[in-house]
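Right after this note come the structures.
Both of the next two complexes hold subunit A, though its partner changes from subunit B to subunit C.
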Partner chain A sequence: MSSNQETNTMHAGEGRDLFFRALLFSLLFAYVGFILAVLCADVLWLGRHDPGTGKSYLYKLATDVEVWEETKAAFWLSVVSAFVTSILALIVAVPAAYALSRFRLPFAKVIDTLIDLPIVIPPLIAGISLLVFFNQTALGVKLNDLLDVVYTRRGIVVAQFFVASAFCIRALKATFDQINPRFEMVARSLGCGPFRAFWSVSMPLAKTGLMAGWIMTWARAMGEFAPIMVFAGATPFHTAVLPVTAFLNLSSGHIEAAVGVTVLMIVLAGLTLSIFKKLGGQGYLW
Partner chain B sequence: MVTVRTENLTIRLGEFHLQRINLHVQAGEHFVLLGPTGAGKTVLIECIAGMHHPQSGNVFLDDEDVTTKRLEERGIGYVPQDYALFPNMTVENNIAFGLRIRKASAEEVAQRVKELTDLLHIDSLLQRYPLTLSGGEKQRVALARALAVRPRLLLLDEPLAAVDESTRDRLCGELKEIQRHTGVTVIHVSHNFEETLAVADSVGILHNGHLLHTGKPEDVFYRPQSRFVAEFTRAENIFAIDTVEPHPDARTAVVLADEERLQLSVDTANGELPPSPTCAVIRPERVRLKMSSPESEIAPSNNCFVARVREVTNKGALLRVETATDDGTRWVALVPVSLSADLLLQRGQSVEIGIDSSDIHLL
Partner chain C sequence: MTGALLPIRPSHNLRTVFLAASACLVMNLSGCSKPPPKEQASPEPRPVPPVFSMGQPNAKVRIDAFYPLDKEHAWVLDWLHEAGRNYGEKVNIRAYDIGTEPGRREWHRRGMLCGGLLVNDKSCFTVGGRKITLLRDPNTAGWTREHFVTVLASEVHRAYGQTKELLDTKSPVTSAQGPAPNRQAKAGGKSLFMFCGAGLRKPIEALRKAFEAEYGIPVRVCYAGSACLLAQIEITRRGDLYLPGEKFYIHQATERGYVAASKTVCHFIPVIMVRNGNPKGIHSLADLAQPGIRVGLGEAKSCAVGKTTAELLRKHKLEKSVGKNVVVYMGTAPELGNALKLGSIDAAINWDAVAAWYEDACDVVTLPRKRNVIVECPLGVLTFSKANRMSMEFLNFAAGEKGRQLFRKENYTVDLSRPIYPE
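This part shows the complex of A and B:
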């Protein structure tokens, strides 16, 4: 083979590599650009002027006391309910995730599928199912008599908990899977019982993963909409959390209020995701 | 110091099956469980430790049946293959962990940590974290942590697998010294032949979930009880036996082997002739080589043969010499490098092979 032919072959190979990389990166950047464009559109829209008043939508939003009060109430309701939900989810998820990670369970695949189900089923369906359970079944009705959750603020926590706990279990199982079970075996050979080995060895090692999982569970609970609207209702100043408030504003023609809540939620999501990444959270969340 | 005994220990873990293991480890002994990867060595020591519960059979520490006892109640020190040092604790806290669990006073903890760090020469590592330690340092820290609580039995799962060759040789000596110093009974899992010879008082060979042979290293290596053990311990000269003719004096026997190409005179004075032997085994280090001269008259009955060198491989202090006789019998010898110059070993060189009749083992 002559040196010219060799050069041509090498160039053809390099060309194919370049084409392949260009294809990958163009699709990647196209999608990232699409996300950025959608997020920026909200902020840019708020800066536009209302043809009726000549003032910007942002100005209109900032001077509307009623919208402020409603958004403030929804914000605190969302923050507090998501906090309570994330704590309850942790209480259930830590032992559940540890059991899934460490023990061979009978019907493990069935249990695994059932845990994923609340994440995968459409949120509206989750809300309807909760309503049916607490309104139409003997056990559910008894529980509702005891806890008073249907169309109440407590119902917000129940609706969030139904989905967010599954999410939390998944995140924490990934954390426990990364911790070598031999640490606990060694701790037990040194005199710890199973609970103490878990508490003194595995829990400190899982600390960062637990924090990351907890934060993302909180964020997920903050974002719940359909199950809350169906199960807890959509009454402003009572059961309307931030996403529900955005929807109510949109339905009643208060576009600037809906977009304002949207921007607020995007900022909150961005902040929680940054903290999650800072804590070393990995791409196991979906 | 404790005697360890298992009786018909059977455990099934998924596809893996450990079958009717009867093991006896004397108090204060360094017992090495040797076998290829996947033989069940780790499962067996984890079962002795109490991490798995057997389907049947029992584990005894001295005369106490501990089969149903929990891991933390057995008084066993455990060093896993990856050492499993707690990564979020300093070396000092790792070593002191078991003592603090037992609520030892701060003085007791400090004194015991000092004793062990002096014994294992790791006093300079106390404030370091496991991530910053070398393989050898991790091994010592894991050993110190296991010894801190004065276990009755120490289980070491391939403790030298993650260290380089030169460190391994040094650590073998230190392991033996520590075992003598503390007097603790040790069960040590290994797949390494040299490591086993360096530390073992007794050896058990495990294969496919079966304990094939236990005994002193010299018994296992020079008098294996099965072909697998002979092959695994690298007794490279293994010949299928065709016929055995015991001599009337009952002190020797003549064996025809390797499709009747090989006649061996075997010493049976110690009464070890099995009823129907199938293999003759001669370890390569027991094969003597010397330069053959053209006028050499070799009488096969004297266990002497002329062969040609096929391959010479340098194994450090030894040379592995592969030879073949004219009728195709393959012999392997291990020759000290210091003697190799006299033999002028090279491919095609004619050599004389000599075997002592007492070095031939029939199984």
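This part shows the complex of A and C:
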């Protein structure tokens, strides 16, 4: 009787276990499948035939020299501006993240919140705020006279920097948090100054994390859209980065070109993400 | 951007021209002849055949040489021969002997006062950060064969090649047309800055190129939604021109004191866009109220087409019955076209010009003129413009015959008697 009962509960336990796992996995796979389906839809749509010409949209896209030129220009502009932004962001983020990770700052919560703000506020609002700052405040106007950023290519970098730096600081802080401060203390006890301890102990340990954070910042800057459109303007061949080009094409009826740019951006994002994961980047990015 | 070339039109660089001209007149250097007496210039100058020509007549890069083609100037033909060999059909080379009467006539007709080489009608260039003028004798006037070769290579590259440095050059098409590419193209600087509704991109890009080719003034256009642009203008208080999708925004801008002058460049006529072949049998506004039809309209507060649609439906007393069928309100006119093309709605009320973009995927049902609401689309010159005269020039160009032609070519209704979709 007792052995019988035992097998019964075991069976019931296994069944529940199986059900629990099935529920988890089906929801996980459903969501992954949803993402894949959405991504594939773009590519499949490009392969469809245009009822007007009988050629596929992809063919139409590949033979359109104007779209090609514009996308090429936007691609390089995106790559280069995001690169510049990510370098600038690193310059600011390494010391900032280190400070946040190692020292107890007054108003730490306030500073933390402020750093998260550019990530959380709607991108359009970030663009408008930049525009207001550089045009309506005395300091901003002076800065703009000096740097000439409103509606120029430098404006792209400023808009990207505003948002992407916050990501960079977040990613690097996660990295520095993982490094045991004991290593530095040992170095200090052996006669290293604080700068040397940071440079030759913490930095090498943080190398992969730095790389991962840098790549993620670059990817984030690549994807920036609304602030650039508002702050740097959407001028084709001048300030139109890839997402802005997608918008411009969408707003002049070139859906196939917009979808083409979208696919390109998805591929780029996929590539950068896989590099990021390979380098062991942390999931906690913001 | 050292090492790059900035061609400057002679007329834009008065000082250089003046210096070159005075040097020619006063010093009478070799290669510089005196200008012919005024009475010899015929009142209606005819083109004169060159004594030497090479390359293709329709090539994008033109070289004109004006020198007395004697023994002393044998180098001229040597150089031209070499250029012709190097670039073949990409150049059109002509040399005029200004030692002879016909050559002198052409020389004078082109407004030159001394011998020189013109590449695409320009003689002043910046090579490696230094200004050079391809006039007079190279050996005494501070330029060399290398300068000429570099200038030519750059012009050919500009016209036929791809953009070399993407961050430093403008679109290849713009450069091909040769006006001074102004890197300092700031809003209000030596170029024009324009705020333009994103839906007007096609004709404006064509117009911009035509204007740059004709006036040599670069125009930079920033595209976004009309209301968003108005906000940008309000905050930045800069720029020269504003072309929103409808008169309403120009009115608003005028009320706030931002618009100095404006002219209508095209008209927008509401039409009904339906799927290819009109499967739901929609032939009038009233048909949109039939059950089972999924209608998309513009949002009345955020875009011109939405505002006009609301007015149109009110006029026909259909706002409630059609309103029941509306599945989506969109923020811009093209979004309605996109939704129809991607199949999420059956019909939309949209501008005729926007409907024309989707001709491959949609059919158009026109509305009777008398009961329609037609809007104007005016281009305004902003009061902040530091280049007022240039801006007015652009305004007149856009509203003039050339501009009208370009708008018509891109399927925009310019003339209300000739709408792109006749009733």
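Keep this in mind: the second predicted complex is superposed on the first by the 283 of 286 C-alpha atoms of A that agree within 3 Å, B and C clash if a C-alpha of one lies under 4 Å from a C-alpha of the other, contacts with A are read in each partner's own complex, and residues count from 1 in each chain.
Definition applied: contacts are C-beta pairs under 8 Å (C-beta built on N, C-alpha and C of every residue); 3 or more make two chains touch, one makes a residue touch a chain.
This one's a predicted model, so the numbers in the text were calculated from it and none came from an experiment.
For the composite obtained by superposing both complexes on subunit A, the positions of subunit B and subunit C are free of clash and fit together. Set side by side, subunit B and subunit C differ in how many residues of subunit A they touch, and the one touching more is C. After overlaying the two complexes on the shared chain, residue contacts for A:47 are found with neither subunit B nor subunit C. Of the two partner chains, subunit C is the only one touched by A:131; subunit B is not.
In the superposition on chain A, A:122 contacts neither subunit B nor subunit C.
Contact with subunit C, but none with subunit B, is seen for A:69 once the two complexes are overlaid on the shared chain. Contacts of A:251 after superposition: subunit C is touched, whereas subunit B is not reached. After overlaying the two complexes on the shared chain, residue contacts for A:183 are found with subunit B alone; subunit C is out of touch. Residue contacts after overlaying the shared chain place A:201 against subunit B, while subunit C stays out of touching range. Of all Cα pairs spanning subunit B and subunit C in the superposition, the closest are 40 Å apart.
Looking at the complex, you find that subunit A touches subunit C at residues 50-53, 69, 73, 76-77, 80, 128, 131-132, 135-136, 148, 150-153, 229-230, 233-239, 247-248, 250-253, 255. Of all residues in subunit C, only 163, 166-167, 170-174, 186-187, 193, 198-199, 201-202, 205, 220-225, 228, 231-232, 235-238, 276, 332, 334-335, 337-338, 341-342, 354, 357-361 touch subunit A in the complex they form. On the side of subunit A, the complex with subunit B involves touching residues 180, 182-183, 185-193, 196, 200-201, 204-205.
Subunit B makes touch with subunit A in their complex at residues 46, 49, 51, 70-72, 74, 76-78, 80, 82, 84, 86-88, 97-98, 101-102, 145-146, 148-149, 151.
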